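Presented below is the structure to which this report refers.
Per-chain residue numbering starts at 1, and chain names A, B, C, D and E are given in the order in which the chains are listed.
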């Protein structure tokens, strides 16, 4: 990544910017930041997506990102993962290099992210291959995952022979088969059916609780976003600012009863309010 | 208006009379306006003759012309030919300079890697000559090679020597990459005498041209004859037309050998005999599919 | 900064090639008579171009190549789209296409000579014939590999077969079409040069190469070859520039 | 039913071609000496193949073409992937590639003759050289037009540059690589035949064409051309079959 | 479409098939069927997706299709629209030929269905071009639609320059710009943000009420499916059968209050129950 440190910073375009803490109160949750973003700027042509953007992602937390279409959610995680270059600013990983970090990533564009020349099973096992896991172990691990998720799809199909939801499921499984340090999920359940969505949510929560992996989840389902999150990152329209960074202090494991927990309901309402204010402002 | 005549021209020294006739205005004064169509080599010329796209081929290799006449009688009627002899050098054996001390005669080519001018006629002529001096098939190797590559190949040492044509041979000598071993080998070895005329190529008309426009054909032939006459009388002067019109290097214009330009009407019975013998040789080596009476392919005006 | 320098990237290749050539000829790895030095070639090139015959030959070859390519493109692109849009049609003509693609154009000279006569037409038509096959092949492939979803989208919106062909397949096949065009123009140039060499011509780069070869004038020969190569690069660059303008979406 | 008949589709093209040829020769549109009838050609073909020289020449040409193609593929595919994966690298070499792609291989004969002599090596290396450029060009294009999302997916999973190259770019470029291979094998065959025609050769289809041409043995000439064309089709078919087996996802 | 009429029909693979009405009670709603499907069979390789499937889609109704991933929802509407061939069976359009019908279609795979060589605006206007609407009118109509939807995206961008949600929005707009006879929407709101989803639902309802277009909506959001529908088609796992075809007799226009309407809540619960029974049976 060719991030040039601290170039001339333009002043925030929005005069209200100061109302919201642009550097979130890290340490509040008692955790060291895992990802530190400072002075991030990114534009596409003349459109400014990020302008002098600061953010800390605490280690071991599940952060939900919620914001309007086109505000820059995918762009943000793409920049964190080093997939697209930043214009200026720094993204640091708690002392580690970008290249040392094992990412898991479910692309919003899951269809194109799968490899059509590999069967679904091999797609899922591919990250293991990259880690030089021997073939037999690869097979065992993948099968174990499939078993655990109780997936009933014929995994000997090629991605293009599968339905949209099946492809997305394969894409999710591919990100889970390794134990990533940071897991990015960009609208991972958008094509899943009702049951599957609920089930995958639980699986994700379980995995999170067991592993403590830092997770970043983009979702347009507010209930889902709050339900799964330790913190909800609310972004404004671009140029994206942190509209709010809400801690969700609801005990885990969460279940059906959480949905009626008054704190949960309150947080949800608060997030919705902030989101709507931000969207309408645009 | 002037009578237009379409002429296929392979720009080598053999087509010299054509250029002389143009430059000296022999065509013009007989009210002929030749239209030059460059055509490289026999197949292109024959195809053009057969389809009447040209009426005259300025240089047509005799064996190819005979062959064409077998396929389509009367397609190429020779009105003039030129002989190649040890004096009028064209075809010859050469050898790389490095081997010049060892190779004095054709027979000394034994055991060497040889090249040949392309095409079965050339290849078989070379082989025929080599056989005459007592070299059998396994005594040497021979590969045919496009004429454009002969000087290269000698220079690069790809071959030790071979059967080549002018002006390549002169270029080689001049550059010092190869030496002439013997020229006029067809006369000496195929026709049996160094004095024999090897009429290896000539100027041919289509029968169509002769029958449909007899008068134009006659005037064309007369212009040609005048040019031949001029060349005979002023060889040094005629040479300078080579430089401009044919693929002859400027610095070699004065050195490339001339040919024995002859009108077929002027050929002596002896010369006709040599021509017949040459034609029979073509038949013998399979280049001309059947025996042909040369009287049916020459036309005198 | 770096962007600006990018415009000079093609020079890297030229310089590398010249450097290698200079090295070969300076070290005498190849006899200088057979492979003249870049300087000697350049001199021949320059004197040929600057008022000499080479400039004239160059223009002639440009004209013939352009004609052949234009004819080929006009015929092959619609035909390729048609063939590509019906796999069965393509399979039935595949033999003919592959057959002629694999036959040397020079072997076809006699036939074309008979069909088109001895003038420029023959050369242009043989070259166009060769280029047509290559462009056709590439366009048809491009169409066959077009993304199915887009075809379906157009179809369901009520696009007629013809509209699908032109609005979608044509666009989808564009990247591959340009590959075909660039291959085609190179091939057309090659065939034109060969035709000028072997069926005979008064002019053109092929004539120049042939004559220089017969005369063993190596600097002139390589100058003519270099002119042909540079011409090929120029024509390719032209298509590349057009492609860059029109095909912005490839891989997206 | 229809599926089964599909296997015979290529015959449609053959039959159409033969019908057209028969018509031309029956009507005498072209002088029969210059374009013999299909029957005469087929007779020459058959007698040549069945124990005659043509069969031997055919085998020789197959050998040379195969060698050239294999060499070209082995060199060009990895190189093409490398060039394609770095657009800047490709742009810097583009001149050289386009330059030589547009230079007739026959113009290169003198140079190759000097470098490799007149043996099979020269022919194979000129042909390989030509094929390399075509394959390289196509592979690099295929890689450059690879779908970006897939590259990113591999990258984010921690694939090294090399793995991305081989696991993703190679696969992504496969459809285009096959286009290149099919173009390449055709070109290799063409060059081999031309080389057999013009630089010293005792055998091969080109030699056969050349000799027949010199002797005006037109049936034999067309028989040899037909053999070359059929060989080209066969080699193309081979690649097509491989492609069908390996590239099932194109357009998906 | 090469539907061969009534070939030999294999008996239903599932012995319970008869429990559910495979031919729905048409006329119950007092409308003539718009699309009639009889004896439809479709398999991919050895997987049977539809086997002797019958269905009537009533004219002028909005049918929601709800079913598990991979059951054949996309396949069904693709076959109705003539995009993929049926193996056997007939699909009839109330006396009209397939080619005479103007379809609107939002593909599940909206990214690939957009034309990357056209700007978003031209993508939206393209169906008008197909109808030979003059350029000026095309522009006016498209602008009117954009106006009505209050879309704030820069429509001079190319699809590949847009975020996922923006692309989907463009795809929806493209299907709305003409007045189709039948509108198919395959998970049309899956990538839209919270506000946009709600907004587009309302727009769709409004359009439906105003135009009376027959609409087929595939959705994995049960609330959405029931909220918008006149009937909910519940499909089983493949081979797909009609698990239920539930009429939604809740008055229109529906609004926020509908969500708490007891009939609505009952229907939702019923659908969920049928769905879950079907999914678990697989």
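Worth a mention:
We adopt the following convention: a contact is a pair of C-beta atoms (placed from the backbone, for glycine too) under 8 Å apart; a residue touches a chain by one contact, two chains touch by 3 or more.
By chain, with names taken from UniProt: A, E = ABC transporter ATP-binding protein; C, D = ABC transporter permease.
Because the structure is predicted, anything quoted here is derived from the model rather than measured.
The chains touching subunit C (ABC transporter permease) as well as subunit E do not exist; no chain touches both. Counting steps between touching chains, the shortest path from subunit B to subunit E takes 2.
Ranked by C-beta contact pairs, the top pair of chains is C-D.
Rounded to whole angstrom units, the spacing between the C-alpha centres of subunit A and subunit E is 30.
With centres taken as mean Cα positions, subunit B sits 84 Å from subunit A.
One simple way to say how far apart two chains are is to compare their mean CA positions; for subunit A and subunit C (ABC transporter permease) this gives 49 Å. Subunit B and subunit C (ABC transporter permease) have CA centres that are 37 Å apart. Listed for subunit C (ABC transporter permease) are residues 31, 34, 110, 114, 147, 197, 213, 252, each touching two or more other chains. For subunit E, residues that reach two or more other chains under the stated contact definition are 109, 112. Annotation for subunit B: residues 43, 47, 50-51, 148-149, 152, 156 touch two or more other chains.
Taken as a contact graph, with one node per protein chain and an edge wherever two chains touch, the assembly fits none of the named shapes, being neither a line, a ring, a star nor a complete graph. Pairwise chain contacts present here: A-D, A-E, B-C, B-D, C-D, C-E [touch as defined]. Listed in rising order, the residues of subunit B touching subunit C (ABC transporter permease) in the complex are 8, 10, 36-41, 43-44, 47-48, 50-51, 53-54, 147-149, 151-152, 155-156, 167-168, 171, 175, 247-249.
Contact residues on subunit D (ABC transporter permease) toward subunit B in their complex (touch as defined above): 31, 33-34, 109-110, 113-114, 117-118, 198-202, 210-211, 213-217. Those residues of subunit E that touch subunit A in the shared complex are 44, 47, 66-70, 73-74, 108-109, 111-112, 152-154, 161-166, 169, 187, 190-197, 220-222, 272, 275-276, 279, 282. Listed in rising order, the residues of subunit A touching subunit D (ABC transporter permease) in the complex are 78, 81-83, 102-103, 105, 107, 109, 112-117, 126-127, 130-131, 158, 160, 174, 178.
Chain contact summary for the complex, subunit C (ABC transporter permease) toward subunit D (ABC transporter permease): residues 6, 9-14, 16-17, 30-31, 34-35, 88, 91-108, 110-111, 114-115, 134, 137-138, 141, 144-148, 175-176, 179, 182-183, 185-186, 189-190, 193-194, 197, 206, 209, 213, 218, 221, 225, 228-233, 235-237, 240, 250-252.
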